[in-house]
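Heads up, the next two complexes both have chain A, just with different partners, chain B and then chain C.
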Partner chain A sequence: MANRVVGYQRTTALIKLLFFGRLGDFAKQVPATIQASTPAEIRERLNADYPDLVKELCQPQVLVSVNQMIVSWEQPLAAGSEVAFLPPVTGG
Partner chain B sequence: MNSIRIQTHDFNLAEEYQLLRELSPAVGAVVTFTGLVRDFELDSSIDSLTLQHYPGMTEKLLQEIVDQANQRWDLIAITLIHRVGELLPRDQIVFVGVASQHRVAAFEAAQFLMDYLKTKATFWKQVSQDGKQHWVESKDSDSTAAARWNTRGD
Partner chain C sequence: MINSHEQFMRYSRHLLMDDIGESGQQKLTEARVLIVGLGGLGCPVALYLAAAGIGQLTLCDADIVELSNLQRQILYKETDCGELKVNCAKRELLALNPDLQISSYAAEVSAELLVNPYDVVVDCTDNLAARQLINHHCCQQKTAFVSASALGWEGQLVAFDFAHNPSLCLNCIIDKGSAEPLLNCSNSGVVGPVLGAMGSLQATTVIRMLLGFFQQHGELQRYDGKSGRWLNLRAEAKPGCDVCS
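After this line comes the complex of A and B, so read on.
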């Protein structure tokens, strides 16, 4: 555990989290910010406390954006980034 | 000459049409589409519909869709309005208006704009039925409609 903490301090940044559509229903208790270095790591870190949410986040149709740009789950995150999880859109 | 608006209040079709019509004497065609709230979802009636969106990103995505339409067709103006918040059956949700010199460009661009808006813009619908809320599922038919624009060689 000690190693993990050191690892986070070296490589992670404070990230703002947003969940839209039905994902928001699963994310009501999730804190507004988290420390992580990629969107995929956010998903991993939420898994312990929010397994139902993470199951939804792992659906292939769910997209992730960083600072309002759709990116891959491995996109490196800078401090202060806004990460949003986007289920399939249903406007119009 | 393009106008993109995300708003809670209603819009007036006649006013929007008039604005497009009066933009330029070169306008020879105006095509408009208005989307309405149906009174049913999955075969049962709805009480209301709530539209959520991602402020900032939605505007950016709609601008991209409008830019793409302008690249594909020779257009004079596009108006794109999408309402958010709580709406009731029969309310207007979305408006697309396209002005061009000739009708084919306006017809095609209006359809393209709607197909892309439905599959790319960050809006989510939640319906209220018998006091219970649930999120609307995306439809494969919408993805199919949007995908056909990828195979036209431009």
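After this line comes the complex of A and C, so read on.
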């Protein structure tokens, strides 16, 4: 009999992560992928191991994109999506 | 009309291009552009637009030139310190191209200034409140709007052609209720040429809009000068946006 997973339902998807600009300086040790269902959940999951990064992600005007589309922190994520986080730039 | 040898020579590198030529130069000559902010972004924007022959430029900035500006604000000289930026800029731009009509406002951007008719408004400010005020008026008046910002090694640009795309505005991307971030150029610094790159891109976008080539409404471009990487992001109108919907 072939192995089968019964009653298992995937609730999170494997997501590729990109931390743009100076956020990359805080994310050097962060894995390239993570399991999560929304960008907000990615932030929550990173908090235990990367509090300095998450502090930056909690700044106002941080932008989030999924597959090069700007989205909200609550956007549902599909497996294989690339989620990018962009720090605010406000000077002129 | 190119009606003198001097004008023919001045704009010859535009006139040589099939997709600009005399008719394109005429559009630039007749254009009215407001530049809000004459700092690190506004300086290259103003210089390139004046050089390109934008006929009517309006300059808005309340500040005076300070020594700490000279690392990146390329219109000003050390002898300008203590003088209003708009006065220095107007003098330098007219020295570059005396055919232009240049108006200057030594004040913060206001609704009164923004209700005047412009073909393009260029946001070179350093705070969200000013950006959102400009966004609101441009959206209401269907005026093209080019916004940029920079910090550290990074720059950002987004532009809106409200005449052809009434929905999707700056408020859809960055909510006007957002607080200002802790970091700004005054407390964390900025690399001068990053502002130059973004300002040059703003000026290019203005020219593209005036010539009818612009098609990137609401597309956000990010530049990281430290890694040399660019990122282009699309955006969608926010349902119920109280500015554009």
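Note that the second predicted complex is superposed on the first by the 79 of 92 C-alpha atoms of A that agree within 3 Å, B and C clash if a C-alpha of one lies under 4 Å from a C-alpha of the other, contacts with A are read in each partner's own complex, and residues count from 1 in each chain.
Please note the rule applied: a residue touches a chain if its C-beta (ideal position, glycine included) is under 8 Å from a C-beta of that chain, and two chains touch if they have at least 3 such contacts.
Just so we're clear, the structure is a prediction, and the values are computed from it rather than from any experiment.
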Report for A:60: first if it touches chain B alone, second if chain C alone, otherwise both or neither. second
Just chain B (first), just chain C (second), both, or neither: which does A:32 touch? neither
With the two complexes superposed on chain A, say which partner A:21 touches: chain B (first), chain C (second), both, or neither. both
Applying the touch criterion given at the start, work out whether A:68 contacts chain B, chain C, both or neither, answering first, second, both or neither. both
Output check: A:89 vs chain B and chain C. Expected answer is one of first, second, both, neither. What do you get? both
Return the residues of chain A at which the contacts from chain B and from chain C coincide. 20-22, 24, 61, 65, 68, 84, 86-92
Residues of chain A touching chain C in the complex: 20-22, 24, 59-61, 63, 65, 68-70, 84, 86-92
Of all residues in chain A, those that touch chain B in their complex: 18, 20-22, 24-25, 61, 65, 68, 84, 86-92
Residues of chain C touching chain A in the complex: 37, 39-42, 123-128, 148-156, 173-174, 178-186, 190, 195, 220, 222, 224, 226-227, 229, 231-236
Residues of chain B defined as touching chain A within the complex: 35, 51-54, 56-57, 60, 82, 93-94, 114, 117-126, 135-138, 142
